[in-house]
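There are two complexes below, and they share chain A, which is joined by chain B in the first and by chain C in the second.
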Partner chain A sequence: MMWLSGGFIFRKGYSFYHRLDPRAKLLNSVLMFVTTLLARSVFEMVLVVAFMVGLSAAATVLKRVARTMAFTALFSGFIFVVNVLFTRDLETSVLYATRFIAIVVSTSIFFITTSPDELEQVMKMFRLPRDVVFAFVTAVRFIPVMMLDTIQIMDAQKSRGLELEKGNLVRRVRNMIPILIPLVVNSVVRSGELAEAMEARAYGAAPRPTSLLAYRARRVDIGVACASVALFALAAYSFYFVIPVQFP
Partner chain B sequence: MIEFRDVTFVHQNGVKALDGVSLRVEAGEFVALVGENGAGKTTLVKHVTGLLKPASGSVLVDGVDTREASTAQLSRKVGVAFQNPDHQLFSETVEEEMSFALRNFGFSPELVRNRVAWGLELFGLEEYRRSSPLVLSGGEKKRLTLACILAWDPQVVILDEPTVGQDAIQKERLAGTIQMLKSAGKTVLVVSHDIEFLWPIQPRVVVMKGGRVVGDGPSADLMQDRDLLGSARIAQPQLVEFYQALHRRPVAPFVHALDAARWAGETLQP
Partner chain C sequence: MGDILGIERLNFRYPESPKNAVSDFELSIPEGEIAVLAGPSGCGKSTLLRTVNGLIPHMYGGEYSGDVIVAGSSVKGSSMRDLAQTVGFLFQNPENQIFMFTVERDIAFGLENLGVPREEMRARVDEALRLLRIGDLAQRAPHELSDGQKQRVALAGVLAMRPKLVILDEPTSLLDPKTASELVALVARLREELGTTFVVVEHRLDLLVGVADRLVVMDGGRKVLEGAPRDVLFGDDAEAHGVAIPAVTRVQKALTESKGGRAVAGRLLTPSELASAVEGRQG
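Right after this comes the complex of A and B.
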């Protein structure tokens, strides 16, 4: 589980991509996301995924992105099977299945290279309500904590003779109850404690609190943003006017 | 009997939590694992139940290599009360919570009832029999987790920081329970920072630092080694410190408790 979580959770990194302004990273991810929707053939989708893989390698997060891909491949397989059954078109099914992986990877690159603090700043930039921003960022911040909780709970229950890997599907689902209840209860208790601790530190006292971090786009950030837009325009143009597509 | 043979364990993030640990705990022994945070104490005891498997070396519990047995199989012999009781309580009632492990181990319904009643009485939890374990106080939850472990009568009992959140009376009761387990011939491993709690029980003390065992011996001897304990960031028991101070300087005459406190403050300066 911890292995999989590495594909979605931020860890400090020192690549050029990690150091970019979060707004440039967000723009890049959004454009990659849209590009996956524009791709109309498996060949185009492979190009998009190849670009993402190259970007992940440059950002030194390729291994973790590979985990994201491994995880989404399960759902992607399901999408493929359903499409094959209903459309009876292999290429379209492959396209949809690959598109799903590409969509998840495009967002994963942003989340695993952007700290919760940076995420908060980006959300504030869009003038989202402060409580919403705080709730979202706190949820992201607490994912690793909950993962650790889950492991500790599983250890405690396994030490009491619970065998998670044994039995049929129904029994396995039932075996999750001793894991899920303490996890949910702990999360609820923790959120209550966090709310009290925040209020004790004057959360909500000022309508417009000051900010510790203030981002200023550097030349490299603007350069990356411009390059992202240019690449997106090139991809969109190529997909519609250069690369021929045979529709079934 | 538990035997660690040159055990090394590396966490996923690359941190070496255990570095060539060799340790032998005889059946019926009472051992306290002490050391600073991150010294590898909890990691070491997790190897006894097979929750963690050594990267190199081996751990034998009653002659069984933990790499060849599941945690469920090992936990029949080894009961662990983890540090945070909230990580295990989930049942609707205290009674059901206690019977969880017993049912997992396939005890007969009659035996389950008897063991539950015994555990509730031993830890003074009978009045909460039908209550939700989630509404108990921190100390009560801690006692309940210990009762849950002892209910299936494991040969080895491991207590991870059992005194956290316990008041003085509860600590005394806990010490009594440990004495009872010792008398019953159980092997008891306690992971604790609470030296004042351990000192009166006089366990064999294993001092850990940076994933290694740096000291091992009877508490009466080991607790006198100020340098060793200091290197592992452990304070000496106050009584030992006081005794050593008395040996270093002649006793000053004092007639008032405040004089005595002042004298002790000056004398006990390192």
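Right after this comes the complex of A and C.
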């Protein structure tokens, strides 16, 4: 499971795409997403996916995007089977199945190239309440801490004789209880300490908090944003007027 | 210089608790001092510290009487916003006071909350990075830091708000001996450079006796001893209240008992004092 989740988790990268303004990346992903909805034939969908694969390669994240695709292929297969059963139309079924993969990939590219810091900035741009943004920030910030906690608790419980890998499914799920309870208790204690530390550093003091980081769109960001819009327009135009429709 | 902290007949009892966590507490600390607060676990140290930075009574309910005056104003009557800029609080576990994804953004956290303009914030973050000599960590994520580094980052975030008084709650409890003594040296240097007053809760007195001006010992919610570290540690009561007497002091006491009056003279606290006393006798 761990290697599959890699398809949505940010890791530091230094490609041109990683360094883009998060707004440009968001716009690009949204437009790619919409393009997948506009594609009306398997050929068009293949073009869209090929573009996204090329982009992932340029952003040096092709391996992880491939993982995302492998992961979604499972669901995509399910969609294909259901569609074949109900529509009895092979082409439409393939289209829907690939569309699902394409949709996931378009969002995945955004999330694996955008740091939590940038995500926070994007959330602020959408004027989400500060508490919501901060809850997101701390949730992501404490993922590695909680993972370490979990490993420590598992080791501690195993050393006291807890056997995690034994028994049937019900037994295995029940075995998780001695891991989960200390983890939850830990987290509650931690959140109390966090609340104190937030107060001590004036959380919520100013009606309009400021930010150390300033995102100013550079020429390259605007250039990429324009290119995304142009490509989107081109794709939409050719899907409807150039490439002949292959099914009613 | 006047007192930065004045505690006047303070009593505090948590809701549902049968007895006071802090009783009849009196304390004055002049500006620029390093004061050490010691005492057994559960003696009310943490509660006392929380009355100084305003978490009590602003965040916790309970029965509160007396007054705590920080930099001339009463904690009861000040907002958390004002207190956050006067009193810095370094909590025991640095992990739980680092909120952001990069070191420099975390140092800016308090300033962002106060609405400090970006240019000034940048300058103050850079100053804090320089003071703690962690400029090379500015872009690191919290999980890429060692415990000692986390402690420094958390302290930088506190200092960026330019508090007059900084409280350190058992700052060395999670650090190895070398990092712990580095932290103590850092506190001494910051006091020299910034004139900041420090109140440090600490069990490892060996580390701090060299730099502390005042030692306060608490027991059962009350102040039981107070004075210059030398006076308190050579007094008769310190051991009875569970204070960890520094090794040098114990050595000297043992020598005095076994050799009568022929031991090294003076009241020694630190290894360097012992060294020069021994050299003096030989020379």
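In this section, the second predicted complex is superposed on the first by the 181 of 248 C-alpha atoms of A that agree within 3 Å, B and C clash if a C-alpha of one lies under 4 Å from a C-alpha of the other, contacts with A are read in each partner's own complex, and residues count from 1 in each chain.
Convention: contacts are C-beta pairs under 8 Å (C-beta built on N, C-alpha and C of every residue); 3 or more make two chains touch, one makes a residue touch a chain.
Just so it is clear, the model here is predicted, and its values are computed rather than measured.
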Chain B versus chain C as contact partner of A:201, first or second or both or neither: second
Which of chain B and chain C A:186 touches, first, second, both or neither: first
Partner chain in contact with A:141 - chain B first, chain C second, else both or neither: second
More chain A residues in contact [chain B versus chain C]: C
Chain A residues within the chain C interface of the complex: 115-117, 120, 134, 137-138, 140-141, 144-145, 190, 193-214
List of chain B residues in touch with chain A within their complex: 12, 46, 49, 51, 70-72, 75-76, 78-80, 82, 84, 86-90, 100-101, 104-105, 134, 148-149, 152
Residue ranges of chain A in contact with chain B within the complex: 2-3, 149, 152-153, 155-163, 177-178, 181-182, 185-186, 189
Partner chain A, residues of chain C touching it in the complex: 50, 53-55, 58-59, 79-81, 84-85, 87-89, 91, 93, 95-102, 104-105, 108-118, 121-122, 125, 142-143, 157-158, 161
